Amino acid sequence: MTTHASADHAHGADNHGHHELTFLQKYVFSTDHKVIGLQYFMTGVFMGVLGALASYVFRMQMAFPGASVPGFGLVTPQIYNQMVTNHGTIMIFWFAMPVLIAAFGNYLIPLMIGCDDMVFPRLNRLSYQIFLFSAVLLIASFFVPYGGFGGAWTSYPPLASNPVYNQTPYGAPMWLGAVALEFVAFLLGGINFITTLMNARAPGMKMYDIPMVVWMIVIASILFMASVGPLIAGAAMLLFDQTLGTGFFDPARGGDPLLWEHLFWFFGHPEVYVVLLPAMGIVAEVLTVFARKKLFAYRTVLWTAVATGVLSFFVWAHHQFVAGIDPRMANIFTVTTLLISVPITEMSFVYIGTLYGASIQLSTPMLFAIAFIVEFLIGGVTGIFLGASGADIYFHDTYFVLAHFHYTFVPIAVIAVFAGVYHWFPKMFGRYMNDTWGRIHFWGTAVPFNGIFIPLFYTGMAGDHRRTFDHLNFPDLARADLIFWRQFATVSLLIMLGFQVIFFINFFYSMFRGKKAPANPWNANTFEWVAASPPPHGNFPTLPHCYRGPYEYSVPGRATDFWPQNEPAPKT
Amino acid sequence: MWWLLGSEITIFGGLLICYIMMRIMYAPWSEAAAHTNTLAGSINTFVLLTSSLFAVLAHHAAEHKNGKLAALYLWLTIGGALTFLVVKSIEWTNEIRHGYTITSNTFWSFYYTAAGLHGLHVIAGATAMAIVSFDCLRGKNLQRVEIVGIYWHFVDIIWIFLFPLLYIAK
Amino acid sequence: MSQAADGHHVNPKHEQSHGMDHPASYYVKLWALLLVLLVISIAGPMLGHKVLTMITAFGIAGVKALIVAAFFMHLNVEKRFVWYMLVTMLLAVLMFFLGTAADVMKYEGAHWTKPSAYLYTEEFKKAFSGGEEHDSHDAEDEDSKALPYVPYGAKATNGAMGHSSPKPEHH
Amino acid sequence: MLNWIIQGASSYAGQIDNVIVIIAVLGGFWLILAEVALFYFVMKYRRSRAPKAMHVTGYEHEYKKWIHWPHYLVIACDLVILVFAARAWYHVKQSMPEHIDEDIRVVGHQWAWEFVHQGADGKLGTADDINLVDELHVTVNKTYRFHLESADVLHSFSIPRFRLKQDAVPGREIIGWFTPTIAGTYDVPCSQMCGLGHGIMGGRIFVETEAEHRLWLDSVTGKTAANPAHGLGKLASTQGGN
């Protein structure tokens, strides 16, 4: 493998003659990892906006049932289900994954390990094209007769497998096809990341010299690869059930709906860590730069990440405690689930430990990074309620679950991404983003976010079930306090969405008019800051050599408080 | 490449595990399995094993920088792939004619899904080999022979497991 | 993988360092061995012994796969990490099997039964009316237990061989 | 703790609430500790107060112990939680009370619950079964064993007041039990996505005293006029349970 990788690599480098490229070459058929990374980013953010608008529609329905949603219209149960389903699907598969793994991975991995491009640039482009096609397919599924799929993002059969039940004969297969294509795109991308890290590191870069975010993205890719296979097979089976009428998941014909649940969650739980780990990596980079401090116990972070990844394969059935699995199995999965809290706790402690004795500059990315830890801790602790079988009997499929995983996913996919964007924006576009507006955006995001989901913990405890389009149909849930908190959550959502406008204005304005940034605006150590901002085609004038670990900040006896990885040690 | 194969293992592994679980559970499926054509399966196993041999010989030739010979062996391998597909299509035609379609029952669903997925890999492998063989004739990119070869052996291995699972165990 | 990643630096010529100079006849011999194994695996079931069939079919499949993987795919000279990676993937699949089998592979368990599966098995047997030999002890043990009650899930359909999908009873 | 928000009304509600309280206390302790430490560090080591950062690798024993000891303590807390959670789980899901007063059959449909009461003869599957749509009548302090099925897609039989939840899987019959302890009328929503009408799929459970229950029984079996208290009572077709 190595041979061919490097051969292809050399081949790719030949193609990268530094001549002027036409527009098509530069943007549409580009094999440059930076362009592909930005394409992933833009597509992902666009899909994220769609997902956020979907949440606007159904949250309005939750708070004011039956009222016409401004700018949208009346929400029927069909539309509601479709919005909820596609909000979940889009946010995880078309926003969190492309932005966290594909965009940051593509953009950062070659820069951070000091090479000029991915080892398989054309595979990379193919991966993006498949991804783009899958996004288009998903959006198209809204507009087919009978509407888009509405069977929840878990897509449990027989609801998902039989048009008689889900009443979306075209939407359901299109949804499933889009998801399957998206998996293929990320498989190709993941192979590329792993091979790149293994084969194309700068000379001198040893295992413990690799920046944490690169490690995290690669570990996440490996997890994705090992877990998604059965679900791809399962997706083929479900697609045949939907279109050809086979009976893989039809109990009357020997199939078993629980088989799908297992296939789905065997992938679905590692998937949580697939998106968590890159976010952890981004936060590690931002924390160390703005705390001017070495990452506390690098090896511990790395090995807890590996341990989390391994353990994540043993915990999936905690999503199915009351789903009809054998109750004896639940005990095993409770043990493994509680076990996985250990490495995650340790990782969180290490991040807090990194701040000990630091010199913290509360810039916008740093604020987001700290907010990530604050919010993620809440998400992690509330997870224990759900991982412990006894408590899960009550909390399963309530808004408590929903609030819990939003407390993990929003820090991961929104807050950590903002930290990363504010941090690497100068590198991507050669200009700073406006810091004042960044801070306003931060407070407008972090505070309303808690305003959305803390009330939902409460309504979940009171028994609100998920995916119910109107809780007032249930007399016990028509209590005044619950109605108030539902409206509170919705208003918080509106505020949070409103503040995102500031981000987009800031983003696009700074892209063209922002203050010019030097190559290393934050005085950071890692390789990407060695390249010019924005990095040209081919990244580095000469490929750097690595002399030390990525987090050597505030080393005693040095004039500056940073020590770039490519700077040779002074002769003694 | 190895990572690609690793992910393929989990895809086929997932499908086959589902099949195995149901097969063990529903013992009467053996009566459906009795209607598979063991002869066709055996011929195909033989064809694939032989084509694997050609693939490794192609790699061998490529190692010795003999592009023309490597291309020849690759085309023999592709011939094996085509033979495999022809036998497969005759077999399926017969089975469908006897009324065993993908919806007949879940055994046949698995049979067609697993074999169909494998067939797609055969087609993909043959296409890749065809592309590589043209480069070989010009003596370019000889190291790619090994990649397609490895892929082809993997397709072969999958069949080695499919064969007893679908045809022999009754 | 980390250890491997360490030693995995760009090494374009690594193949020359491992002896790859087997003559072509070496591969032909391996191929002949594979064919012999193939014949055994086909002949195995003809002896009509269940356990023997399993051993010849799947044992030999394993051996064949190993031979192809090790010698044709040159895994025997590849870096160690490739083995680790492939075995890890297999372990992931095995893990999936272990977690899932308790639900999917059984007719009943603690506090649950699958009436539709009993029914399906019954109808399947009927469909193949020949039914002379049910040498499977498993199924018969299970079948001998009385069907508790005809369940909704199974009743609403046209049975195991039916093509149409179950229809909801009321809305 | 949960009783403040929603009063538990079954024999095991208290046990499940206890698990939740234990997790809240143990988890809450670590959460607050971690958040306080985090905010303390952020305040104390602002650049304005701490212009120069320390160089700490994190492998020095004096610092490492701050990570390691909490980490062992977390394992200990996990063990405690595990014991309580598993005991509650065993009690609710894995065991079955010795004495069962009545069997009921619960069938999920798109989009209504069908409840089969065993009727006067005390057996399910006989002619005098009482099939009701979205209405389940039970007597307080009696132990019920339910047989849960689904006619079409996945549903989930959930009574938040009882802290009870179990998915109904087509093709399976799943049994469980509950003992209501407080009389009243509670929701029985479906908590698993089951299609368009998922949001309206809610039955009611009527937990009645012995006398009320008898009154109801008489009203459905035609011995007396319909009970005005339960005017909703509509008889389902008697297609099930034979």
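Note that the chains are named A, B, C and D in the order they appear, and that numbering of residues resets to 1 at the start of each chain.
The working rule: a contact is a pair of C-beta atoms (placed from the backbone, for glycine too) under 8 Å apart; a residue touches a chain by one contact, two chains touch by 3 or more.
What you see is a predicted model, and the numbers here were worked out from it, not measured in a lab.
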Best-connected chain pair, where connection means C-beta pairs in contact: A-D
Here the gap between chain B and chain D, centre to centre from mean Cα coordinates and rounded to Å, is 49
Chain centres from averaged Cα atoms put chain C and chain D apart, in whole Å, by 38
How many angstrom lie between the centres of chain B and chain C, each centre taken as the mean Cα position? 16
So how far apart, in whole Å, are chain A and chain D when each is placed at the average of its C-alpha atoms? 31
Multi-chain contacts in chain B: which residues touch at least two other chains? 2-3, 6-7, 9-10, 13-14, 17-18, 21-22, 26, 103, 105, 146
Where chain A touches two or more other chains at once, by residue number: 1, 3, 7, 158, 162, 165, 226-227, 229-230, 245, 251-254, 256, 258-259, 263, 324, 327-328
I need the residues of chain C touching at least two other chains; which ones are they? 15, 78, 82, 88-89, 92-93, 96, 100, 104, 106, 110-112, 114, 116-117, 120, 124, 153-154, 156, 160, 163, 166, 168
Taking the top-of-page definition of touch, could you list the pairs of chains it picks out? A-B, A-C, A-D, B-C, C-D
In their shared complex, chain A is touched by residues of chain D numbered 2, 5-6, 15-16, 19-20, 23-24, 27-28, 30-31, 34-35, 37-38, 41-42, 45-47, 50-59, 63-64, 66-67, 70-71, 74-75, 78, 81-82, 84-90, 92-94, 110, 152-154, 156, 158, 160-161, 163-172, 174, 185-187, 189-200, 202, 204
Under the stated contact criterion, what part of chain A meets chain B in this complex? 1, 3-4, 7, 187, 190-191, 194-195, 225-234, 236-237, 240, 244-248, 253-256, 259, 263
Which residues of chain C touch chain D in the complex? 110-117, 148-149, 151-154, 156, 166, 168-171
For the chain D and chain C complex, residues of the former touching the latter: 93-94, 96, 107, 109-112, 125, 149-152, 170-176, 197, 239-241
Report the residues of chain B in contact with chain A in the complex, numbered from low to high. 1-4, 6-15, 17-18, 21-22, 26, 102-103, 105-106, 109-110, 113, 117, 141, 143-144, 146-147
